[in-house]
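Pasting in a structure now, in structure tokens, and then I'll have a few things to ask.
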Amino acid sequence: MLEIENLVTEFATRDGIARAVNDVSFELKPKEILGVVGESGSGKSVLGYSMIGLVDPPGRVVSGSVRFEGRELIGLPEEEMRALRGKRIAMIFQDPMMTLNPVLSIETQMVETVFAHESFDRAKARKICLENLELVGIASPERRLKQYPHEFSGGMRQRVAIAIALLHRPALIIADEPTTALDVTVQGQILYEMQRLVRETGAALVWITHDLSVVAGFADSVAVMYAGRIVENGRTEDVLHSPRHPYTRSLLDSVPANNIGQVRLRQIPGMTPSLARLPAGCSFRERCGHADAQCSSMPEMKTSVRCHHPLC
Amino acid sequence: MKEFLSNRIAATGLAMLMVVIAIALFAPWISPQNPYDLGKLDLMDSRLEPGGKYLLGTDGQGRDMLSAIFYGLRVSLLVGAASGVIALTLGGLLGVLAAYVGGRFESILMRIVDIQLGFPAILVALILIAVLGKGVDKIIFALVCVQWAYYARTARSAALVERGKEYMEAARGLGLSRTRIVLKHLLPNASPPLIVVGTVQVAHAIALEATLSFLGLGLPATEPSLGLLIANGYEYLLSGKYWISMYPGVALLLTILAINLVGDQLRDQLNPRLSRA
Amino acid sequence: SIGLSTPVTTMDPHFHNLTPNNSIAKHIFETLVHQDEQQALKPGLAESWRAVDSTTWEIKLRKNVRWHDGTPFTAEDVLSTLKRIPNVPNSPASFAIYMRPIVDAKAADPHTVILKTREAHPLLPNDLATIHIIPKKAEAMSTPDFNSGKAVIGTGPYKFAEYVSGDRVVLTVNDKYWGPKPAFAKVRFRMITNSAARVAALLAGDVQMIEAVPTADIENLRKDKRVSLASVVSNRIIYLHLDSGREKNSPFVTDAAGKPMEANPLRDARVRKAISKLIDRNAIASRIMEGEAKPAGQFLPETFHGTSRKLTPDKYDPEGAKKLLAEAGYPNGFGLTLHTPNNRYVNDEKISQAVAQFLTRGGIPTKVEAMPSAVFFSRGSKLEFSFLLAGWGAGTGENSSPLRSLVSTFDPKLGNGAANRGRFSDAGVDALVQTALTTIDDTKRGIMLAAATEKAVGELMGVIPVHYEVSTWGVRKGLAYKARVDQYTLAHEVKTSK
Amino acid sequence: MTVYVLRRLAQTLLVLFVTSGLVFGGLYLVGDPVEILVNPQADQEERARTAAALGLDKPVLEQYGLFLKGMFAGDLGKSFVFGRPALEVILERMPATLELAFLAMLMSVGLGIPLGLYAGLYPDRKTSKAIMAGSILGFSLPTFWVGLLLIMVFAVQLGWLPSTGRGPTENVFGFSISIFSVEGLRYAFLPSLNLALFKLSLIIRLTRAQVREQALLDYIRFARAKGLPRSRVIGVHLLKNILIPLVTVIGLELGSVIAFAIVTESIFAWPGMGKLVIDSIFQLDRPVVVAYLLVVVFMFIMINLVVDVLYSALDPRVRIAEAK
Amino acid sequence: MFFHAGNENQRPLSPSPVLELSNVSKRFSKRLDAVEKFARRLGADVPEHTVHAVDRVSFGVARGEVVGLVGESGCGKSTLGRLACGLIEPSEGQVLYKGQRPAGTQRPQMIFQDPFASLNPRMRVEEIIGEAPVVHGFVSRSELKNYVSEMLEQVGLDPSYRRRYPHQFSGGQRARIGIARALAVKPDFLVCDEAVAALDVSIQAQVLNLFMDLRENLGLTYLFISHDLGVVRHLAQRVVVMYLGRVVESAPAAELFAAPNHPYTRALLAEVPRLERKRREFAPIKGEIPSPLAPPAGCHFHPRCPHATERCAREAPVLREIAPGRLSACHLNG
């Protein structure tokens, strides 16, 4: 259903061109849940924007293709893209405060989304909205509907954004850290609803997160990003239980749950490189314990890992 | 700066502005005549057409238009810039402060603004002339009087929006002083509409000065600004003696164009989202 | 349509003595004595008038005159008018001054009025020419009644139709008018105060006639085929007044370097004469006024009663001036500030600049300070200036008016020197003027007034005359107007020409 | 909210009181009305009579006291020039000004916001640059000059529109209104255009600047991600967020267009308040000036009150300060 | 950590805590306007929206302690954090920091939940971080550059980002700027509102390590708001659990994770996702989620509680000591 090939998205910055998404390819089948994890700033959000055609200047999609249900999305006329957005492809953004329009009531923002693709009467549209709010665990939805974003807590805003994305039961959902602001009980509720949705509508889900434990129990496959590239990609169990890329390994080592009893958490040495000034060759080279001369060239993506010295 | 110059239009604007400022600064040295010295004028040379002895012709008093424009530029820039800057600073600060402090201070200030807004420039200028006489300083004072309130309201409205945002809370949390929060956090974020209104109002100040002069409430006629020149030449518009007001008009237009081209670019650059960084 | 230059503020002919108001009133109402375009007296509602003795006047009224509502005009109406005039409430400028000499008014018969004055008052007919007669029934009417049109009933050539404050006055012709029929059945007066806009309206054909054509456009309009101009030297003199009252410390007199000076050179008639000689009146008339002015040597053009034949405008004579200044003890000149209104007279501020230009070049560095008349006259009357420019229009059309107000010694009791802002004072002049004012015999009075003028202006330079304004009207081709010295714009005087 | 509005209205009284004092004092400083009103020929006695008739012979504080007494009885005094109640003189002229202001605001808001949106959304297009350059023309030349130019071109040269004056009026609810007829609109077009030019430019520029601020924010992106039509993203999401400064400026401009149509009105011989007040100021017709200012300041208070109330409707985060 | 059982005006028993909240409540209400009031008069059902974001909460934090604050989204954690920092005034009760109302520089520093909204969009990172230290005089202008670089490195950001604006960063990078800003004023008390929620695990590890180091070296005190129980477990000595504006349980971290007392705490721990888990089915929450706009009577949790009795619906349980240093608000405890 979704095929992404060699996607490249760049930002023109003062320091030079930053490739936020660099040569990314993956496929997604209906009902599949892909977890995207990775360093902060590694281009996960930008990847999401690129898929839905919302990369704003100074950024742009430079090359590659995004095929969704057999259609090429890159270069699709704006009007056709619009018809897809929200209806067939939905995205939940990362920053809950900034995604909701501060001056419009929740009702306005939800109902208009219904009307963007359907011509129901108002009462029916409202009913749909209420159902979806309940779905994401917002209590007193009737009254909450009349309120404005700033009257919600961070987690509630995020839930509203999720509810909006689900309104049309889209075929592809790109969720950018949708549950980071939620407590585990509510998170559980949302994960449950997502799973149900996937099962019932056959939707595919791209779940961007850094909560590896959520990915573990939720995603079918995982893509690990580092500095704009996918460095490892595979079935969840494989990636999380026997990581092959040194970065994935270090990532897993940092999870508090894997550090029980220790005072300090394990951390990756060094610093995330600036995207505009990436070192030549493997981007992880400078922080990697296994690096050698070979690593000064860019490794190919081989059997789900982009590394010269995959761990076994 | 490099970025600034990379925009061709803005660079042209800047160049124009430099020329204009240079002319204004060096008017006494580059003008063929001192248009302020009545003894140097010759009534018998009045209303001469452009060309010949006077490049841009003469006005009704036999004043060389070119010199008058050079000198007038000086006065107009001074009046526009000084009144604009003072009014903007004063009004902007008070407005932002009103939004931040709120309460009684805001009420009182905004009611003063209400009063001030209702006062026509003509009346203010007339009272000033009666009490203080004419002069550049008085006209600047009059213009500041009538314009600060405008800025105050614009600034307050923008600041009211910004006040509610979380970064303001963060600034308070850092224990920064009120003054600092207002000046460094609130004011810059409330500034976009202020800057627009500001660049427009500088032009408006120059035009308003012209209007006051037109009504006899502006600058002394013997020391004409561009506005006054336009106002003086106004009556000749229908009579075919276009040069008396057309040339100062063109000079004014170019000046304001230059200010705005530069202002537009500056504003875009001040906005971190828009500047290519 | 006619474009007026100043707004008409009321329809009450007795409320505010102001040229535009009077001008409109003259269409609807009439005076006992009319003035022709040269302000010469003509029979109006009065067929004739004569002084029975030095304080009694007998006025024979015209018969068969009817008010717009049809009632006949009688002496009662005149008496009512005289009664109303001093009693118009809130009047900012009443006509009472013209009535003050009258101590008694009687109707000898329905068509004869007898007026008694306190003392000999030769100018009574001139005064009567300013007073619009209203019907008896309007005596008790208020100003608002007039403004609404209810009380606007006159005997004049036009009847009131509409008045919109600040915008227009519409009049329709009075078919039963006793005099010559006006050429137009309906006239719209539009108040277009901005002079350029007024000219534009004429050129665009939106109005057929305008008054007060601005000097800047004269040259162009003269060439324009669509319009023609009518002009006349008016009764308004533009003059300079100098502080000849203060012995020292005149506020705006400095030495040549600009430092305050104790002595007041302006008290010296030679200095005043020198200043007069420094001014090139021809240049001002041709350059500033674009020909719309006539250099002046006295208060009124020679055609007016009581003017002098001997006085001519001072010649531009910088050499002579220098000599006079040296004689007076100021060989190096001194500094002055010329105060001038900037919205009162035609090109007032520009004239001042030109004057300053001449004086500066002649060794008297002069600054110009212009201000709106609202400020100017208050300050001027408080004697805050040393040197000022002003104008004077002789409403009565006789030289006694400027003599009395401008150069007679300031004396509130006698009503003299009311506009004498330079406090010029000369006993000889005072005596001549005072006698003239009570001399009924026109010729004798004329001689006295001329002598007074020669002394006050020619010899002592109590004021320095600059020029007489020329009033100009513009009309569309096909119309003709006989320009009036009193600056009234009268629709019934507009003729169609072929 | 109610309390807030009531409090504002109470403040209004105080504001009006202060205003009247200021004008009284100011005009007293300018000069003596008698000097202007009286016929130049008048002698000293006539001047004294005029002063007495107009109540100007009393000390200024006493005059002010009398005025205040009248003010609380709803009487703002009689015009010196017109001899009629000053308020009546002003109200009579008000409809003419209001209709001009209305047309001018209609033009500037109706054109300014769309043009500004366009220029802000597509800042790099040629059209946008042309709009921005054109808008500079709108405010860099003095109104009186542009006014005469308009007359010269459209009335004198082309003869399309009448040069000056106001068209035929109709009586609508007791007000004489001229813009309900085509003929009336023909008269009103040039003056309102003249008035609108400056505001138009300002609104274009302000809209553009605000759009440039907001268009890149995440909520706009989210609105687009929802698949909303462009018109709604711009017309609702974007517009509502940029509206607060715009509404402020529109309010201010509406006020100033009503209060200070002075120059335009005198050039186009439009019989409105502006023309009246400039004459009144120059003639020191104090009652009219005072009454005018009270009316205008009151109007500004009302406009600003409406604008302030609008703020909280436009942006729920802006709570109108209500002292507890 | 010092708790006073119950919610009445008890003074803390302990030696003066650094931060002390006694009986603090915060309500947000939307005033009715004239029209709505009138409509209510006429009997229309116009509800007056009042949110009890924080409902009579009392506790103290001792010097050097790390207190984790967990709870459902919307239960008032951020509000409590704001109250603690003196950014908002309590509707009732009192907040004391070192014996005084938090104000000026004498207040805990807050790291905000929403990283972007809390950064001034017109300031460069350098100014955002460096402003307060310069103003308060711990750093001179000339040292500023180095100081900021140091701060950035501490939170794992490349110092070359110093001259960027907030919008040029990814979500996690913004969060770190917020942390650096708070650390830059050398606070001795930090309120971290979901400070690490937006960070990927490697950075999260780095930041958490930093927090621990600071605590060790400088004796910093933390109020650590999070719902990531893994993080809380790792960091906190004590944990306070909130539910709908009220504190429902508080205990030393180890004890709480070992044996949660309150049914809500138990539900919470049960839901924690684990890395080692295989793909699993998620279950919906049983019972309705209550709304802070209309909190249920009695125990707020009773609609979702598997053990709820009729008493729970009637009577709000009091926070009581159930073991030394452990408090819980549940009727089940007898």
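Letters A, B, C, D and E mark the chains in the order given here, with residues in each chain numbered from 1 onward.
Quick note on the criterion: a contact is a pair of C-beta atoms (placed from the backbone, for glycine too) under 8 Å apart; a residue touches a chain by one contact, two chains touch by 3 or more.
The model shown is predicted, which means the values in this text are computed figures rather than measured ones.
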Most distant chain from chain A by Cα centroid: C
Farthest chain (mean CA position) relative to chain E: C
Rounded Å distance between chain A and chain B, as computed from the means of their C-alpha atoms: 51
Intercentroid distance (Cα basis), chain E paired with chain A, Å: 26
Cα-centroid distance, chain C relative to chain E, in whole angstrom: 87
Chain B and chain C, separation of their C-alpha mean positions in angstrom: 42
Chain E: positions in contact with at least two other chains: 114, 117, 167-168
Sites on chain C at which at least two other chains make contact: 196, 200, 203, 343, 372, 374-375
Chain D residues counted as touching two or more neighbouring chains: 30-31, 148, 152, 156, 216, 281-282, 315, 317
Complex contacts: residues of chain E adjacent to chain B: 82, 85, 87, 104-107, 109-110, 112, 114, 117-124, 131-132, 135-136, 164-165, 167-168, 178, 181, 185
For the chain D and chain B complex, residues of the former touching the latter: 7, 11, 14-15, 18-19, 22-23, 26-27, 29-31, 129, 132-133, 136-137, 139-145, 148-149, 152, 156, 198, 201-202, 205-206, 209-210, 212-213, 216, 244-245, 247-249, 252, 255-256, 259-260, 262-263, 277-278, 281-282, 289, 293, 296-297, 299-301, 304, 307, 311, 315, 317-319, 321, 323
Interface residues, chain B side, partner chain C - complex: 37-39, 41, 43-44, 46-47, 60-62, 126, 129-130, 133-134, 215-217, 220-222, 234-241
For the chain B and chain E complex, residues of the former touching the latter: 165-167, 169-177, 180, 184-185, 188-189, 270-273, 277
In the complex, chain A residues that touch chain D: 49, 52, 54, 56, 78, 82-87, 90-91, 93, 95, 98-105, 108, 112-113, 116-117, 148, 150-151, 161, 164
